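Heads up, the next two complexes both have subunit A, just with different partners, subunit B and then subunit C.
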Partner chain A sequence: MTALVALERVGFTYPGAARAALSDVSLELAAGEVLVVTGETGAGASTLLLVATGFAPRVVGGRLTGGRHIAARRCGVVFARPWTQLTGLCSTVQDEIAFGPASYGLPRQAVLDAAARAMRELRVEHLAGREPSQLSGGELQRVVVAAALALDPEVLALDDPAAELDPEAADALYDVLPAIAASGKAVVVATPDLERAARVATRAVKVEGGRIATSGAPAAVLEGTEPSLLARAAGCPPPWPLDVPALVGRVRR
Partner chain B sequence: MIGYVPGTSPLHRAHPYTTLALAGAVLLGAFALTRPLEVWLLVAAAAAFAAAGGVLRSSARTALLLSLPIWALLFVLHGLLGADPRTTVGPLSLSLPGMARALVLGGRITAIVLGFLTALATTSPHRLVEAMTARGVPFGRTFLLASTLTVLPRMRERAAQILEAQQCRGLRLGGSVLARLRALGPLALPLVLGALAEVDEQVLALDARGAASAARRTALDPPPDSRAQRLVRVALLVLVVAAYGWKFWKMRG
Partner chain C sequence: MTGCNVRVTAVRFAYGEREALRGIDLAIGAGERVALVGPNGAGKTTLTRLLVALRRPTAGRVTVGDWDVATRRPDEMARRVGYVFQHADQQLFARTVADDVAFGPRCLGRGRAGVAAVLDELGLGDAGDLHPYDVPAPARKLVALAGVLAMEPAVLILDEPTAGLDRVQRSRVVAALGRRAEAGVTVLAVSHDLGFVAEAADRIVAMREGRIAADLDARELLYDRAALGGLGLRPPAVVEVSDALGLAGRPVRFAEAVEAMRGITWREQISE
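For the complex of A and B:
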């Protein structure tokens, strides 16, 4: 399978930073997979997303070293705070989602069709006429993902997409990721939300200090976390808890 | 109230260029007119403009609030400290040419502020974007203008949220002037830092959605223009040119 993104011993340093945010990172991303990137805050997971999708250094500046090949024609990106990703210029959800295709000058009907398809995919058709600023956080984040998908990106990167969402909205958001990947896209998610990540990941990468510490099957990477090891040491039966709240819940039970 | 107020008035329905042309004509006309009566007739015209948009009360109140400190300053500088001849009103000795000057300058500022508040209140940023897109204006310029129109309402909304949060944490807004000034710190700092922190994400999100694309954007729902509105815009231009012609003719005479 041809990789949509290939990183070969890549390093990246933000403008003005003395220390590299990423070092010696090698990674391939292929269509149809959901890659989960995890690590502690500041480990470099978000930076890895920006580098893999080409936004760093093109938009954020900085210095890239090593080899990077992005075969994907287009990459979409979604951040944690949905309200920062609105254009602020659209009065309806439909217009917000259509913004991307309209930017590329597609014919009007093609723009509307692309927006309709993305709304269907994210199940937000019922919000089409609503004003984006009036939506709940969960609804808004789904609209933002739909807006990214309207451009039909081959790679969709999500940086902690459920950080601002309630548990139901977070579940609903993660639930659509496998379907997006199944439509032939590569989905890469940077998140500390290991429970949900484990449900959708086809592969996982753990980043520590800007380097890839472990990479492979989700069970092997995500269940090697401290809460999981603690639970195993305490004799808890599998499935192992992946994060601290889950561990606390398991111990209470 | 500063910002767009949804409505169905003739100004709301007008092409955004017509509304902006009216505000622009008030601005340019204010500097072409030199006598108190002329300038205050312009203020009356700006008030009629606001009334036609159904926003007279809110726009006039804000315009007065914004203009009052300037009127006070003009009164002191020109009315009290201006040149002879003078007249006595109660305990005050007022400069007659100074008062005329203050009336002209105060009237200009009031007319300009009222005109622009009315344009802001009746021009939907979305319709403006669509109108500019339909005319082929590059997105960078469109975004600059439209985001300028929307920045104040957005900042006000954010400030209200920060104030609520800070009040929950014990911030007191009442009391002496000094206490109120002290309360500005916990409001201003998160307001500015929060806005700066979100700029990076918004730039990335806009870039990912093709805002920097060289293609000509597709206008999805351009506001209708009409021959009558185009004539109004041309008439406003002729009026402004005539007003400047009148001004320079008087100066030469």
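For the complex of A and C:
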């Protein structure tokens, strides 16, 4: 499979920062995969998303070192704070979601179709006529993801996309990610929500202090799920079970 | 710091034509730790904004202690009720984290007393000299929380305080709220994170479509799968594990579950 994004020993430093936010990061992103990036707050997961999608340094400034090749024709990023991403120009959710495809100069019907498809996928059709600034935090987060998806990006990067969603909406959002990946896109998600991440990840990376600490199969990387921590604290020998059924399976009756 | 009762009586609120709150009655006692849960758009944030006079109800009455909120301005309310916004970036403005946290106590004439202790309590001890926007986005919520705690309000309202926080940060928030509640401070936290709710609250008020759909003891609701399902909620992992293993005492908190799991015999991993 050809890589949509390839990073080769990449480093990145934000403008004015004394220390590098990323160091010596090598990573490939391929169509069809859901890559989960995890790490403690400040470890560099969000920065990795920005670098992998080309937003850093192009939009945020700063200095990039090492080799980066982005073959994807379009990358979409959804930031952790969704309100920063609204155009401020649209008075309805439908217009907001259609803004991206419209700005690419697509024919009117193609724009409407793209918006309708994205709204359907994120289950926000019922919000189509609402004013974006009047949405609740969780509604807004789904609308912003739909707006990114409407651009039909080959790489879709999501920074903690369910942070403000209620559990049903969060599950629903994570549930659509495998289908998005299967349609030929690479999906990369930075999140501390290891339970949901473990459900959808095809691969996982853990960052610590701006470096990739571990990478590989989700079960090997996402070891900090609540069931695994419970099992560990209660004396279960490793490897610790990632989810509840696995934990129950390890108990000798 | 002593707490205050919060009382909401027959409150309604509309954004233009759209009714967001359709008759809310709620009484919270001093020192209670209450979580407000419910789907996006249920009216949770709107309700909390009425408690600090950022919005005025279209009908009904809100009181905090002996204050009728209708007669108070938001800046007066801030002396009694500390509020951490869902998007805490909106409430940070100083040039350094320490200055931001000190703003509230300085306005109250207390100088910078307590600022360093609150920063340490939330694990921000090394961040005091940083610009708030040089702190990772989720941790800015902790900066806003520190600013509110430094004012020593009688009531604490937090809107999604743990969104994006890692496990260590989340446990610091739980501990900080627990200490305040023990001192009599009334705590009301809006949250989708039922793991956090289980650790930090004793009572859960669930909202749906602008109404209160349930108001229950936290342990009772967290073990009531049908009621949770009806609210679009799933039990947190600790409760799922405890339920599946039939642990004694219905644990809802991590430490309780670990305690109840003592004596379990574990199998080695069976290779697939």
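Basically, the second predicted complex is superposed on the first by the 226 of 253 C-alpha atoms of A that agree within 3 Å, B and C clash if a C-alpha of one lies under 4 Å from a C-alpha of the other, contacts with A are read in each partner's own complex, and residues count from 1 in each chain.
Definition applied: a contact is a pair of C-beta atoms (placed from the backbone, for glycine too) under 8 Å apart; a residue touches a chain by one contact, two chains touch by 3 or more.
Since we're looking at a predicted model, the values are computed, not measured.
Undergrad: Mind working out whether A:A71 is in touch with subunit B, subunit C, both or neither, as first, second, both or neither?
TA: neither
Undergrad: Could you tell me if A:Y104 is touching subunit B, subunit C, both of them or neither one (first, second, both, neither)?
TA: Only subunit B is touched by A:Y104; subunit C is not.
Undergrad: By residue count, which of the two partners contacts subunit A more extensively, subunit B or subunit C?
TA: When the residues of subunit A touched by each partner are counted, C comes out ahead.
Undergrad: Which of the two partners, first being subunit B and second being subunit C, lies in contact with A:V59: first, second, both, or neither?
TA: In the superposition, A:V59 contacts subunit B only.
Undergrad: Which holds for A:A217: it touches subunit B only (first), subunit C only (second), both, or neither?
TA: neither
Undergrad: One more residue to check, A:G138. First (subunit B), second (subunit C), both or neither?
TA: The second partner, subunit C, only.
Undergrad: After lining up the shared chain so the two structures overlap, which partner does A:L112 touch, if you call subunit B first and subunit C second: first, second, both or neither?
TA: First partner only.
Undergrad: Who does A:A182 touch here: subunit B (first), subunit C (second), both, or neither?
TA: neither
Undergrad: Looking at the overlay, what does A:R81 touch: subunit B (first), subunit C (second), both, or neither?
TA: Both: A:R81 reaches subunit B and subunit C.
Undergrad: Common interface residues of subunit A with subunit B and subunit C?
TA: 81
Undergrad: Which residues of subunit A touch subunit B in the complex?
TA: For this pair, the touching residues of subunit A are 50, 53, 55, 59-60, 75-77, 79, 81, 84-91, 95, 98-108, 111-112, 144, 147-148, 151.
Undergrad: In their shared complex, at which residues does subunit C touch subunit A?
TA: Those residues of subunit C that touch subunit A are 15, 18, 38-41, 45, 86-87, 89, 134, 136-139, 160, 163-169, 192, 194-195, 232-234, 236-238, 240-241, 244-245, 254, 257-258, 261-262, 264-269.
Undergrad: Please give the residue numbers of subunit A that touch subunit C in the complex, ascending.
TA: The contact residues of subunit A facing subunit C are 17, 40-42, 46, 80-81, 83, 134-139, 160, 163-171, 192, 195, 224-227, 229-231, 233-239, 244, 247-252.
Undergrad: Given the complex with subunit A, which residues does subunit B contribute to the contact?
TA: My answer: residues 124-126, 129, 133, 139, 142-143, 146-147, 150, 154, 198, 200-211, 213, 215-221.
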